[in-house]
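The same subunit A turns up in both complexes below, where it pairs with subunit B and then with subunit C.
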Partner chain A sequence: MAQVMLDQVSKTYPNGHVAVHGMDLDIADGEFLVLVGPSGCGKSTLLRMIAGLESITGGELRIGDRVVNDVHPGDRDIAMVFQNYALYPHYTVARNIAYPLRLAKRPKDEIDRRVREVAAMLELTDYLDRKPGQLSGGQRQRVAMGRAIIRDAALFLMDEPLSNLDAKLRVQMRGEIARLQRRVGTTMVYVTHDQVEAMTMGHRVAVLKEGRLQQIGTPDEIYRSPANTFVASFMGTPPMNLVEARLRTGKGGTEVVLGGVDVPLPAAERGYPEGPVTVGVRPEHLLDASILGDTARHVRIPAIVEYVEALGAEKNVYVTLGAIRGDATSAGAPIACRFPAESAVVADAKVELALDPARIHLFDAESGAALR
Partner chain B sequence: MAETSDAMRVLTGRKRDRRILQGMLLLMGAIWLFPIYAAIKRSLEGGGTGNYTALFTDPVGDVTIYDTYLNSFIIAVLHAGIVVSVGALAGYAFSKLHFRGKEALYYGIVLCLAVPGTAILVPLYYTIREAGLFDNYLGVALPEAALTLPFAVLLLRNFGDNIPDSLIEAARMDRAGHWQVFRTVYLPLCRPALVNLSILCVMWSLQDFLFPSLLFTDEKYTTAAKAVQSFQQYLATSPSDIGKYNASLVLLAVPALLLVVFGLRFITAGLTSGGVKE
Partner chain C sequence: MTTTAPGPAGTASAGAGPAAPRRLPGLRRAGKAGRTRKTKRIDGPQQRGMMRTALLFLLPLLAFYLVFYVFGFVFLARTSLQRTDLSFLDPESVGLENYRLLFTDDRFIRALLNNVVFAAAAVAGALTLGFFLAVVLSTGMRGRKVFYAVFLVPSLMPVALVASVFGGMMENRYGTLNETLRSAHLDFLAGHWLTEPGLAYAVVIGIFVYLVGLPIMYYTADLSALNTSLLEAAVLDGASFWQLLRTMLFPLMRTTHKTVVVSILLMSFRAFEIVFFSTKGGPAGGTEISGTYVYNYATSPGPRVGYASAAAVVVLLLALLLSAIQLRFTGKSEE
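The block that comes next holds the complex of A and B.
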């Protein structure tokens, strides 16, 4: 087991393209860190740099107390699970799992024992004599993990391991991988573009965009207080609503105008100068006033329902703010709200939204950075 | 209604295509079989099947037909061995390693596909003489391999490119060196291409007339392909031996025929397969 430290690690390709800008990351011993971001954000490159499959063109990478910038991938004590599993099609499952130990020339009885242990842990015992081509996607995925576990490596790397599975299996494997990591306790760096995996699997999440670290924190921190509009809109389905608005000083202190309604900001958010600002509100914080009852906390905002997605347990309702169409504070994408199933809203009808001002996020209109 | 008539048209169209195909195959078969039939018929003139057995026991010139088989076989195996081992290493390097000048070198090698054997005969003659490889199996197998290798590199690189890099990377992360990756991952996955290539090498060796004629001076090195001509000098001139000469022609064709019949399956399978099943 090991901690991993990245100190201003960067990757510049010979053609001048910078895939990773000076990245600082501290991954604790035994931690499960998820790197998440849209495709092309540099997360896979970063993982391959940790693995030693890509060279590091700047900065310093430490695993344990060693600087490993120029250490061969095989000597970094890292096990990796690839997106396409990288199983050897000509070997049986047992032979695939045993491959690292056979290379290390361990005694045969030890290899057999370890393969059986790992196979039992991953429920692969019945498939040890099959070839990868005879397995389902989920089983192949487990074989790939078996080959990683058997090594007792200091660090696990996983590169979008679930992206080739169907939706149902992905949910199941998500849980299995997280459980497995808790059980073996090995430090893990996990790359995904799926924000649900990022939210549910790791101890901490690092959000990347265009080769730069946007924010790192626990899934809760990332969700509750996103550092900028990119993180805010990347995490959560539907994502956080972002509305261009103006701050002004009204009779209730600092206010922001949403849907023609003055929303007074809570005391903590006051003191920002007047001017343009980006307002962020999570869909679940826009409530259906008709089933909320009376609360003093909430500000009521009129809106018109554009369309409704009934998901069974809840409804995603997309609205335009304002009492009449065309009166919206911001043209553009409709505002998403998450209402409980009993809400009676229908498309094209008027609806009254209830918003607790404490739930409002403010971002700098220019840079998108959170104001706090 | 329209649909069924369309379907009927496709079906009858297919039937018609198949008949044309069968007709052409029959015609080609006849063209090809007739000389064989004639040769077999004439081979039995004079001595009956004794014409065949005599070729194995009595040397024609310096060699029996058995010797010519052996000579051809040794050259073919050497040729295939050199091409497969060098080609596999080159294929691995060109498809899985990164080094300066890789593409230039690769296209340089592939360009050699355009060089015919006859174009290099004179320098080859002197090179082999200087190397002391006259009347040596290697003296023929090496130039044959040199001419086949560009094709081998082309075939094995294409095949190797279909093996996902992640397989190699996974092995490298498991502490495998290049030699282990080559041996435990690349070679087994390339086996269809390698089998293929070996069979093609053997076929090319069997039909090579040029290099054995040029580089063997001693008659005991007569190969099966060359024997067609050299046996003619001894047998075709006397009318009593014409049956024996025809018997030799039939026998000399047998190894190549066997290879085509049994090897063709591998060759077509290898040339059409896409590499690694994911």
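The block that comes next holds the complex of A and C.
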């Protein structure tokens, strides 16, 4: 087990393309860190740099007390699970799992014992004599995990390990991997492009975009106070609604105009100068006023329903703000709201939204950075 | 599918005219029978028409095949039961006498054995040296294209040329090798490369192994299709370069090994030029292989063509057996 420290780590390819810009990350011993971002954001490159499969062109990488920039991948004490599992097709499951120990020339009875332990932990005991080609996707995934944990490595790296599984299995394995990591307590760096995996699995989440770290924090922090509009729109389904608006000083202090309604901002957000701003509101914070009852803190905003996605337990309702269609403030993509199932909204009807001003996020209109 | 038998193919063209059309109706019937058995459901006038068209397209190749392979083989088999010379005049039927003589001739047995030994050496060279070179060249080292050329070009040149050059270089008095050794005052190393039995044997083996370019190409193709994350996983699991070679790359190339082994075994039966243009089978038949054996008998004076034909038939049957094994191998790996 080890902590991992990245100090201004960067990757520049010989053609000048910069895949990772000076990255600072501090991963605690035993932590489960998720690297998330859209494809091409540099997350896999970063993982492969930690593994030693890609060279580091700038900065310093430490695993434990060692600077490992120039340490051979095999000597970094790292176990990695690949997206395609990389199981050795010519070996049985038992041989696959045993491979690292056999290379380390451990005694045969110890290898046997460890393979049995790991197989039992991963429910692979009945498949030890099979070849990878005879296994299902979920079983292959578990063999790859087994090969990683048998080594007692200081660090686990996982490169989108669930992306080849079907949706149901993915949900199941999500829980299994998180449980397994808690059980063995090994530091883990997990790469995914799936924000649900990022939110549900890790202790902390690092959001990457174009080779730069956007934000790092617990899933809750990332979700509740995104550092910029990219993080805000990347995490959450449907993503946070982002609306161009203006701040102005009205009778109730600093206000922002949404759907023709003046929404007074809470005291904490009043210090900002007037001018253009990006307003962010999560879908679940736009409520159906007709089933909310009377509350003083909510502002009512008129809107027109564009379409409704009924998901069973709830409804995703897409609206344009304003009392009439074509209102100046309603330009752009429809606004997503998450209503409970009992909401009676229908498409093309008018609806009144209720919004607690305290739930509003403000971002700089130009840089997209959160105004806090 | 090759025969080292000289002669018959050239004389066969006379039979081309009558042979092809006579066989056609029979082939058609065979086609029909096959269809009713296997593909009953799609039988109909349209399919019958298509079958006719397909046969028509096949016809030129079938005619070629019948003339040069079927007729050639029948002619060869018939000659092998006769005592005759290259004029094929007044053949005398001798039954299986040629075969009896053949299998009691130590020289023939040794030629076949040499085939196996040379093939084994070439296989060993391909599986070790060829495989290793392919791996090294696939690592993306600098100048790899030059090295590819160095190893591949000899395999693309006529084998006769390569063997002649080797033969010339190894010549005792004026050969480049001995001249070089002498001028470097290493006279004691200069040898009778082509006339001393052990050395001649080694030279032929050397040429066989030298033509390792094709296996390198097979391996390189397979390596380039290899899933690199397997190797990365093995490296992370702690595998050294040699362990990677032994536990990953070599076993993963299993299908290519089969291709290489069988193709080299088959090649060894037509490696006539290698031996003929270097040692000519000498000294005293020491490096003779089946091809040179047949050739030497067929071209030597006297009515020995029947005997040479018998040898060619045996070699051909052995090659067919190897081909059958190859087909079974490839069939298995596709499962």
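The rule is short, and it goes like this: the second predicted complex is superposed on the first by the 370 of 372 C-alpha atoms of A that agree within 3 Å, B and C clash if a C-alpha of one lies under 4 Å from a C-alpha of the other, contacts with A are read in each partner's own complex, and residues count from 1 in each chain.
Quick note on the criterion: a contact is a pair of C-beta atoms (placed from the backbone, for glycine too) under 8 Å apart; a residue touches a chain by one contact, two chains touch by 3 or more.
This is a predicted model, so every value here is computed, not measured.
Upon superposition of the two complexes on subunit A, a steric clash is found between subunit B and subunit C. In the superposed model, A:Y13 lies in contact with neither subunit B nor subunit C. Of the two partner chains placed by superposition, only subunit B is touched by A:G133; subunit C is not.
Look at A:I78: by the touch rule set out above, it reaches both subunit B and subunit C. Across the two superposed structures, the residue set of subunit A contacted by subunit B and also by subunit C is 51-53, 73-74, 78-80, 82-84, 86, 88-90, 99-100, 103-104, 147, 151.
In the complex of the two chains, the subunit B residues touching subunit A come out as 164, 166-167, 169-177, 180, 184-185, 188-189, 276-278.
On the subunit A side of its complex with subunit C, the touching residues are 51-53, 73-74, 76, 78-80, 82-84, 86, 88-90, 99-100, 103-104, 147, 151.
On the subunit C side of its complex with subunit A, the touching residues are 227, 229-230, 232-240, 243, 247-248, 251-252, 254. Contact residues on subunit A toward subunit B in their complex (touch as defined above): 51-53, 73-75, 78-80, 82-84, 86, 88-90, 99-100, 103-104, 133, 147, 151.
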